[in-house]
Every structure is written in structure tokens, then in C-alpha cells.
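To keep things simple, chains are lettered A, B, C, D and E as they appear, and every chain counts its residues starting from 1.
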Amino acid sequence: MAMQTTNDPSAAGLRLPISRRIFAVEGMAILAVFALLIGIFMITAPQTFLGYRIYMTFLANVPPPMILALGLTFVVVAGEMDLSFPSIVAFSSYVFAILFKNYELTWLAFGAALLVGVILGFINGVIVTQLGIPSMITTLATLFLYGGLVTIVSGGLTIAIPSVTDTGIHAFFAGRIGVLPVQALWAVGVAVLLWFILNRHRFGENVLFIGDNARVAHVVGIRVDREKLKIFTLMGLLSAFAGVLLTLETTTYFSSQGMGYLLIVVASVFIGGTSIFGGSGTIVGTVIGALIVAIIEAGLVASGVQGFWTRLLIGVVFLVSVTLNTALEDPDRVPLFKRIRLRMKR
Amino acid sequence: MTMQAGEDSGELVRMENIQKHYGKVESLRNVNLSIGRNEIVGLLGDNGAGKSTLIKVMTGVEAPTAGKLFIKGKEVEAGGHSVRQAQELRIETVYQDKSLGEKQPLWRNFFVGRPITNRLGFIDVKAEKRIAEQIMKSTIGFRSRGISVDSTVGKLSGGERQGVAIGRAMHFDSDLIILDEPTVALAIKEVRRVLDFIQSIKAGGRSCIYIEHTLANVHEVADRLIVLDRGEIALDTQKSAMSLNELTEFLLSLHRVRH
Amino acid sequence: ADPALTGEGMTVYFQMGGNPGDSATLARELGAKAAADLLKVKLMPQYAGWDQQKMLEQANQALAAQPDAIVVMGHSGTDSMKRFLDEAKEAGIVVVTNNTRLPGTGLSYFGLDNYAAGKLLGEQMIAAGLKSGDKAVIYGTFEQTAHADISRGTIEAFDAAGVTYDKLQWSNEAVQDPSLAVPVIASYLQSNPDVKAIAVPGHSGITAVLAKVMEAAGKEPGSLITGGYDISPLTIDGLRKGYVTVVVDQQPYLQGYMPVLAAVLQKRYGIAGLEMNTGGGVFTKDNFEWVVPLVEQGVR
Amino acid sequence: MAMQTTNDPSAAGLRLPISRRIFAVEGMAILAVFALLIGIFMITAPQTFLGYRIYMTFLANVPPPMILALGLTFVVVAGEMDLSFPSIVAFSSYVFAILFKNYELTWLAFGAALLVGVILGFINGVIVTQLGIPSMITTLATLFLYGGLVTIVSGGLTIAIPSVTDTGIHAFFAGRIGVLPVQALWAVGVAVLLWFILNRHRFGENVLFIGDNARVAHVVGIRVDREKLKIFTLMGLLSAFAGVLLTLETTTYFSSQGMGYLLIVVASVFIGGTSIFGGSGTIVGTVIGALIVAIIEAGLVASGVQGFWTRLLIGVVFLVSVTLNTALEDPDRVPLFKRIRLRMKR
Amino acid sequence: MTMQAGEDSGELVRMENIQKHYGKVESLRNVNLSIGRNEIVGLLGDNGAGKSTLIKVMTGVEAPTAGKLFIKGKEVEAGGHSVRQAQELRIETVYQDKSLGEKQPLWRNFFVGRPITNRLGFIDVKAEKRIAEQIMKSTIGFRSRGISVDSTVGKLSGGERQGVAIGRAMHFDSDLIILDEPTVALAIKEVRRVLDFIQSIKAGGRSCIYIEHTLANVHEVADRLIVLDRGEIALDTQKSAMSLNELTEFLLSLHRVRH
């Protein structure tokens, strides 16, 4: 009982090692991992990573998958999954490209593309809530369904719209401020907005509780189905936005557009540290996760890693990043490290 | 407490021939029941008698298989009733099953479903934490070291969790407060607090349905006693008509008659 | 001065197309490495899993490293590559294209004329006995991508000869695991017993399972005229047993070797605008034996 | 109280409509869906589906993905995921093919291939349990890692072993009894064995409880980590077996082998009716699920569906199958149908 | 009950300076404690006092942060102790947290961890169902319609679930039975059964640790009383030395002294 004062929680908080307090801030641990990775590449590939160009390249290309990963973070926090986003990306890209090409629409084309995303996302939500099919299967099916639909509608066409670079909408969404690609600012904007929604808005709170335990969410008065519908619709909207950004950057639509993002985006969310079990998630982590995923391969190539080794090393970097991320936040959450620590104490 | 206008019949809840099947299990059978204003109703019955099911139907967690449900004199459509609607009709419930988000902090669990927000729906985190802190300290009085409103609920002890659930019910000022085995897992002093709280409900002119297996507690605070047996109402009487001993005897007799 | 041509000190980024070790990628890798070793060039291979989007991103990443030369795949098309090409030109970086052309750029190109190759496939099948009025099935891709030009070439050849055909779009899964195509083509053949020929414009793995397809559909070797693409060990077996009639080969080794050479030539001597159609190879049951050991080394 | 007798549970059981009792048997609902699908194809493509050949083709090609799906069912029942199996398939195929080709080993090559599968699966398990990385991320990483490793080891070469058809091991695993492909019997054998393990063996019971609630499993005395290790190892073993069957059937190894199975196998498990949330699963369902997935495309093509329509229709068939499967077992589990039923009763 | 051979010191469990931290929360602090043979120990304390944590450390669910644990005279290695090992040492526990697989049928929940198997590990389903049926009927006596050993546990009422957990503990014949708030959610008659069961433990020469907030129950059956307060042992005495009133007074006094 003499120890009482030293056990005051705030005092205990102060006594935590400074490293632990730094890494308790959302995303700090994964940021450290990212910095480490960049640091390594600066040493192994100085020509590339000490210049600014590579970073501008990333900033031009990362926004679409990053925005997708941000949307998927919401879905995962709600304990759901969405695998259909590549097809939504393709669909909205197509709508934007064809409307621009055939009717020279810009903002209207943008609006139409977003609307398509909203509708397709909404349909996902309706299937999940009304037919009760788990979202993983639903969206696996709609990945095929929407993907098939857009190839049928487009006849498998590739649509090039090089003249879009002269439009205001291009400057607004995918232009350059100096060397800085504008779409990077949009990605940051989306991230900030979603951070506030997840952590400070009632919608985000509902999402957290639904993912934590849907039964509890129901019992405390959350309209679970309605919120789920919103989540999938939001994901559709963000997929469409990502699709338009992508089309503006590459000035082309082709029918497999977006498919390459499937694994990348899923990996970004989980490397960022969002729990696969729902109920918690980190927006900052996803942002960094998307950057890490984007940088690994380019970094390895620039470091002179040859062909076959890249794939292997990507796997290794994934594992190391995730472990490091967890260990920096709390070494005891890595069972192996905990066991070692306990052994050493004896 | 605000009085409701108009057609208010003095009844808060009325159930007519309510039935609830889970697959082939019949949890409630022809339940007719009404809860009046400013009354404390003790709901008793064996394990599996259907008490919790009755509550869930009343608060919109489950839809009844058949029958009519009236709240404050208005019929609520089966299937159309929801927890949210019940909350809007000022019914507050502490469920027996876990009803806390285990990965969420204490303060969020306190306000979830009805957060303090600005017009855009953004949550006033500071205000929520302050109020949660106040209630946890004053009403439930946790004594553990290291527990704060930021603690994740999953890390609390059994009794502490129950405390959070009850604190929530105490905070939102309602016309009808339903407590499904609220004293479970609580230490002696906290049990006393819950009983005091129920008495304060009465004093405030509000109503309460109180489910509990410890007959002495129920008998102490209830105005009216309802006993469920295998999904049917076996007894509905004013407490004054029955002593604690008679009540105990009645409940035990149910086993003898029908088993 | 030393007259020998060398690329010493040069760094060349090279897009290999698919994934490391892909049947359509390996020979290109080996060719590029051979040339790089010979010319003492530092080779930086990039792999895109045939994802056009990724090819484009990788081109930009290569640009960021400011190498001496970048060898790109032309799948994303001239329009989407425009920004990249402009910046490369400005930075004085040599750009060479392989496998798929970037029309209108005048860059050095080593690869198939996809369209011509597809046409060649169709013509070879007609030469092997396909007649006007016969029905064939084309199992390939029909989207409007550069790769699908192969299908279009075959279609034109069939149209010209009056051969009718059904078009079956292959699935992403079958492209990765060709055995998944077996039940699909086999069941098609059973529903369409009048079909006389199968054309697979543009996939070596699916070409290789043609024998299995025919077995499954109960067709004797030689009872159908089958045409495929890119020689591989199992296709050789198909040729041997008579299940496979003709194989057009795009000789990807050249698509690896030549661009490196061209990059050095252009960097050192300013020789530009080279072009080569690498897709001249045609194999039938009469002329494949000599290539067997090379196929096993991955060179062909 | 007069009603008492009629409420006797056994009596109530008898009163259930006969359809409900039939579909309460494991897999009967999905079997009905499958029969319906075959029935439709018999009408739309009689030439193909009224003959025996197409079925033999399926029986020759379905076993590898079916065995993978059976293994994955265990993993999913335990609340985990395995995405690395395509690379394990490739790795064991390679080992088998190279040992056969260079040293003419058959049974030893088979043993070595299985051993490789066991080791790779075990490594997955070790990472999941020791580093505490959720299995979805772990196996996404090892999908790359193992895949990279096998291309490095194999140099990316394709290996054809046509002469394997003359060996005893080929006859044993992939020969024909009359027209019946032997591998179909092996797949059935694996299914039966796994059914008994899941439903009647203590290991299966442990898997069920771990997937239901790992904390509860721990508390009742199940060694959760050890059992998880076993699950991933089993999945590795089955992946290797599938790989060898595939190699024997196609008589070739190539480096992307197995990759095409990723979505197919995942779809088979979920279409079969195994819950994505763990704690329950159906072996019979997975068997039928694998058959459905295999038959859709061939059936559509044989029915005259061409070009881009196949993909769209695959998506539609997925959704319809899953909904039908659920609805046959209990219409009330489909929220929409339940609502309609309630409306109609009023 | 089988007597253990050899070095058996008469003590079933001994804890020396056991400590348990959860992050910065200190749930147990320098706990020294021993449980003898054939004794019923009532473990009391406020919500969050550390009672459940103590049990979890004892049964291998959680590893202690520091300190030594001896079971039947042998030290168990920290981290090496597991639930399974505890079971093998014939310790049986009813935990306060849910410890049932909700998607699994009742019979599986009964035997999980220690199924009746043949030599190959295949489960004798018939035997398990038969025994489960027997116990559910005789010991716990469910009266609900439609509940059988095949019922999924998630569909049972709160009290019914508790009944399953206790039935499990009753079945496996152990040297030490630990009950963490076993009567929670149980109806009067069932509470009586649990108390009778505890008395039968004593009569059978075995031991029991019994956690409960209803002091009257504990005082009735316990031989010895241990009170935990904020992770420390505040009282360890024979029941005979303390009347129910004194005990109540003592527990309430803890609040006054330190809050």
C-alpha cells in the first residue's frame, strides 16, 4: 500500500519508455518502418533515391491505389471485404473516357463516373444486406460480374484520350504544381477526411462497432444494414474516384484496368496495420502501407536486384515490415519476442 | 421526465398475444402484458423461461413471430420496430448478453448509438469523455488502478463491464428502463447502488422492468411481479399481494407441477 | 581508339513483360542477359505480370533513375506513353520498344508484328488443310489491346479464306493455369462436333494443352487442325504425337537480345530507328526436332 | 398447457416439412443447386452434357483444385486464411518434375514433393503463431516469397515430363480405370478422410473451437498454436499432393503453375457454404462447390455463350448458387426472403 | 478421487509472490497463497480486485509476470504452464468469461479438450452425447422445450449456458474445482444445486475455490475465506473465525479505508 502513489496511472504513463510513447501515436511505428526502407534504398540505390524524380513518380502513381486502400480500410474495419473494386475502377474509367472522347464532356463525365461507382458499390451493399451473402463472396462474384459487364459494354475497347491533358479537369486532378503531381494532394485530402470520419464522426463510430461485433451494434441501436450499405457505397465512390484519377494520369482506358491493384491494395491495408478481424483500423497506417507497397519493387529493381529475386524479396519485406510495425508498438504482441523476453528475465 | 401528449393511455408498453419462435423452439407463447407509468415490474422465471426474449421483443432487438406490440399507445409494426425506435420512445435497456464493443474504449461504449455530435455528425469527444468520466466515478465508482475512460472495454473485469452497461442506462434519462439481470457479477456495494438506482427511478416518476434471480432483491424494489414459465405468463400480481416467502414457494411449485 | 563496341558504364532498364520465369518471358530475359553480359551493360530488369498499368508505372520509375536507356513494352499505347516519351527525350534517355509496337514514335522496335503473326497462324492452318466453309474456334483474347492484334490477324486470314469461326474469350485463370482451359475447350468441341480447327493466337501454355483438349473431347491426333503460339517443351510433345499441327514462334530471345544491342548502338553511335520482326518461326511436325534442346534451355 | 404434447421436440422435428429435413443433411442444398445447374446445361448443351466424356474431363481436372479447396476449408474453419497455396503447388510440382526428369525418381520424387509442401506449410504456421502476423498477410507474403524461391531454384524453366505417363506412379495417381480418371478417386478419398477428421476426430473438434473462438479454445485446454501449426502443415501437404496430381495429369511444370487456382479455390470453399467467420464448415459443400466452379465456364461455353458474356454470367451463377444454397437450407437466413415471408403472412 | 503418490505435500496449489501486469495495469501484486487438500476456499473481493486473474494464472490461462507457482508440490515453469497441464493435474475450472464455443453443439462443448476417443483419436460421438444428455438432465435439469444435446450453445439462454459450464466441471472428477461466479444467471433452484455440488466436493475429499459476490452463499459453504483487494491479499482466514456480518463489514470497510 506504500506503493500506491507510484501506481497512479498517469505517473505510470510517464514512466513508459519514451520510444513506447512515440510509437503509441497512430501510424508512427509504420512510418518508422517506411523511413527505414527509404534509408536502405538510399544506400543501395543512391542514384535513384537521392533524387527527387522517383518520389514524384510515386506521388503520381500511388494516389489511385492509396485511395482504394483507404476505402477498403473502412470496409475492413466494418468486418467486411470488398474484392470488386478493380472492376469498379475499370467501369468508371470507361465511363469517363468514353464520355470525354465521344461528347467532350469533362466535369459531367467525372460526375457520371462517380455515379457509376456509387451505383455499383450500392449494389454490393444491397446484395450483402438483402441476400445475406458474406461480402467476400458477394464481391468476388461482382468482380466477375461488373468486369464482364464493362467489357461487354465497351466491347473490350481501349480508349485513348490524350487530349484530356489540355482540359481544366486534368489540371485540377492530375496536373502538376511545379513538379508535384496534384493527385497526391487529393489523396492526402481523402485520407484526412476519412480519418476524421472514422475517428470523429458518428458514421465512423458505427463502423467501428459493427466491425467489433455486429450483434452488439444492433443491440445498441445502430442500423447495421443501413450503415453497411453506406460503407459499400463509399467504397464504390472512392473506387470510381481512383479510376478517374488513373485515367487522367495515363490518359487511357483499357479493359483490364484496375485488376493489377487487387493484391496491392489488400496488402496496403494489412501492412498498414489494420486488423483483419474488424473493429479497429488505422488511416495513417494505410497511407504509409500503400507507400511501402509501391516503393518495394521499384526500390529493389533500382538496387540492382535481379529478376527472380524481386518476388522473393517482396515477400520478405512484407513479413519484416509487419513484424517490425507490431514490435515497435509493443514487442509483447509478437509471441516470439515475448517468449525471448521472458526467457531472458529469468 | 417529459409527459407525452395526446392519446397517451397511461400505459407505456402493451403486448397482445405476443409469440416468438426460434425455429422450432417456442420462446414466448401468447404473452399479454402491460407496463404502466411509474411502476417497477419485477420479471421472474426459470432459466430459459423467456424473460430475455420478452425484453428483446419489447426493445426491437428481435421481431415477434406473431402478436401486437403497443408502445405509448401506438402500435409498432412487427419488423418495423428497431432498437433505435425504442430509444427514441425513451426506452433504455441493459441486456443480459454482452452489449459492449470489446475493442472500443469505455467512453465510446457509453455513447454509442447516441453520440454527442455537432450538426455535421462529428462527435464531441471531449464532452463525451468528461461525462463518461463523471458517471464512472460517481455512479459506479470503480476502484481499480489504471482504468480510465480510454480503457478498452475488453480489458475490464466482469463486474467492471457490467458497471459500464448500467452506467449507460443511468445516464440516458428514459421513461422506461429495462434491466436484465443487472446485478450479475457486481460486488455487494455495487448491487446496493443498483437497487438504489431502481428506487430512484420510481421516485422520478419513471418505470422499470427488472429481471433478477435473487428474489429478495426483486421483492424489495418491485411494485408488481410477473412470472414467466416456459414462455407463458404464470403470474401477474401486485407485490403487496405476495410475501417473499410466498413468491419463493410459488416459483418452486412450478417445477413440481410440470416436470 | 578501341573499335570494339561496348556498353561499359551504361545502365539499361528493361521491361520483361510477364513475371520472372514466365514461359513467354524467360527467353527474353535470357536474351537480354546474354547481350548485357557481352556488351558489359548493367541490366535492370522490370516485371509487370503483363499488366499495362504497371508497365507504364515502371517506365516512369525507370525514368526517375535517369539511366542511359529504357527498353519498354508497348502495351500501354503511344498516347498513354506520351508524357513518358517526352520526358525521356528531354533527358536524353534512349528508349527502345520490344514485343509490342508504339506506332508513330519511330523508336527502335524488336518484336512481332502481332497482326502479321496472327495472320501467319491463320494462313498456316489454311495451308494445313482448312477450307472455305469449314468451322474453326479461336480461343484467345478479343479486347482491343495490342496483344489481341494476334487474334485479329488470325480472324482476317480466316475471313479471307471463307473459314467460319466462333470466338471464345480465355479467362484470367486459364491464362495462368492452362489446364483450366481443357474442360472449357473440350466441352465446346463436344457441343460443336462440326468444328475442324482450333486456333490459339498468343499463348504458349494453352497451346501446350491442346493435346489434352483433344483427348478429353475424344478426338484422334490429326483429326483437327490446331494452331498455336510460342514453342514450349510440352508443345513439342504435341507436335510429335500429331495433336498440334502448327506453331508460330515469336522468338522472344531476340526481343531480349536485340533491344540491348540497339540501345548501345544508339547511345554510342547514334544509330536509331532499327526494326526487326522477330516472329518468323513456324514449326510443324516436320521441322521441330532440332529445336528441342534449345527449348529445354529456355532459349527458344 | 394442453398444448404441451404437441410441443415435444421430437414431434416438432417430425412436423418439419420434408424438404426442410432433406436439406438439413450436410451438402444436400448445394447438391440440389449443382443438380439444377447440370440439368440446365443438359437442356442448353445436350450434345456435351448428355455424354459421359465431359464428366470424365471434369473428373480429371477438378481433383487438384478440389483437394486445395478441401484443405482450405480446414484453414477457414479455424478462422484463418491461406493464400500461399499456389506457390506451394508450383514448388512441389517443380520438385517432382525435376527429380523425375533428372534422376528418373518416381515414388521418391513424390515423397520429396510432399515433404516440400509440408515444410512450406509448416513455415506458414510458424510465422502465424510465432510472429503473430495474421494468416492472411503471412500467406500473401509467402505467396510471393515461395513463388520467388521456386523461380530462382528452377531458373524459370518449364519442364515437360511426357514419359511420366509410362510409370507406375502415373497409373496409380492419374491413370484411367476404363474411362474413369484415377485422381477422382483420390480426391474422394481425401474428402472422406477430411470429413471424418473434421467431424469425428479430436483434431477436427479443436479446429472447430479455434475457429469459433480462439480464446475459448485456449481456455478449455486446446493448444491453439500447435493445432494451427498442424492446420497450415496439412494445407501444405495437400497443396503438394494437388501439385503432383496436376503435374502427373498435365505432364509439365511451369513457373506460374497453381496461380490460376487462387480465386477458384477460394470461391469453391465459400460457394460450398463454409462460413468465412470460422467455427463451422462443410466438406461435402466444398466438394460440390469445387464442381460447380469447374463446370460453370465449360457449361456456359458449351451452351453457346461467347466472348465477354462468360465472365458476367459466372458472377451471376455464383450469386444465384450461394443464395439458393442458403435459401434451401433455411429461407429465413436470406433477409430479403424472410421479409417477404413476414409481409405475406400479415 | 485418486491420491497422488510420493512427494505430495498435502498442498494442491501454492503461489509465491505472484505478480501479474497487463501493460501498465497491475492486476496481482505479491500474492502468497496456498490451497490445501479437501478444503473449500471462498475467494472474495471487489470488482476488479484480481480474483479472475488469480484463477487464470493458477490454471495456466495467463502467465504470471513474476513469482512462483507450485502445483501438488512441483514448481510449474512460467510460460510452460498451460490449461491442458492444469487439467492433467486434475484441476477443473468454470471461468467467469464465456468459455463455450457458441457455434458448437452442447455435447461438443461438454467434452472439448478431453473428448472420449479411440486410440486413433476419433471421437465416440454416441457415448459423448449419452453422457452429456444424462448430466444435463440429472444435474442441471433444463426445463426448456426444444433443447437437446444437439442444440447450438449460442442459442441457449444465459442461465442455460452457465448450466453447461457447470455441468462440465461436475462431470470431470478432479482434485481441485475452481468456480468463478458459477451461480451468476442461475435461477433459485439451480443455485441451490450448485451449493449442494460444492458441498459434495467437500464430502468427496476434494477441494474447491469458489468466487462469488453473494456473501451468504460463500459463507455457507466455505471452510476458508480469502479476500483480495486491488491485487493484494487483504484477508486469509478460517471461516469459523468470522461471522457473515463481520465478513460483510470487513469488505465494506475496504472501501472506506482506501478510497
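Criterion: contacts are C-beta pairs under 8 Å (C-beta built on N, C-alpha and C of every residue); 3 or more make two chains touch, one makes a residue touch a chain.
As the structure is a prediction and not an experimental result, all values here were calculated from the model.
The chains in contact with subunit B and with subunit D alike are A, E. Counting hops only between chains that touch, subunit D reaches subunit E in a minimum of 1. Between the chain pairs C-D and A-B, more C-beta pairs are in contact across C-D. When chain centres are defined as mean Cα coordinates, C lies farthest from subunit B. Taking the mean of the C-alpha atoms as each chain's centre, subunit C and subunit E sit 70 Å apart. The centroid of the Cα atoms in subunit A and the matching centroid in subunit E are 46 Å apart.
Centres computed as Cα averages put subunit A at a distance of 41 Å from subunit B.
Between subunit B and subunit E, the centres computed from C-alpha atoms are 29 Å apart.
Multi-chain contact residues, meaning those touching two or more other chains, occur in subunit E at positions 24, 26, 97, 145-147, 258. Counting partner chains per residue, subunit A shows two or more touched chains at residues 7, 9, 12, 151, 155-156, 307-308, 310-311. Within subunit C, residues 19-21, 29, 142, 172 each touch two or more of the remaining chains. Within the complex formed with subunit E, the subunit D residues making contact are 7-9, 12, 196, 200-203, 205-206, 208-209, 212-213, 215-223, 279-280. Every residue of subunit C that touches subunit D in the complex is listed here, in rising order: 19-23, 25-26, 29, 142, 166-169, 171-180, 182-188, 190-191, 193, 205, 208-209, 212, 216-218, 232-234, 236-237, 296-298. By the touch criterion given at the top, residues 127, 129-134, 136-138, 140-149, 151-152, 155-156, 225, 263, 266-267, 270-271, 275-277, 308-316, 318-319, 322-323, 326, 333-336 of subunit D touch subunit A in their complex. Residues 22, 24-26, 45-49, 52, 96-97, 141-147, 155-160, 162-163, 181, 184-191, 213-215, 230-231, 248, 251-252, 255, 258-259 of subunit B are the ones touching subunit E in the complex. Subunit C meets subunit A in the complex at residues 13, 16, 19-21, 29, 42, 44-47, 49, 51-54, 56-58, 60-61, 63-66, 76-80, 82-83, 141-145, 148, 172.
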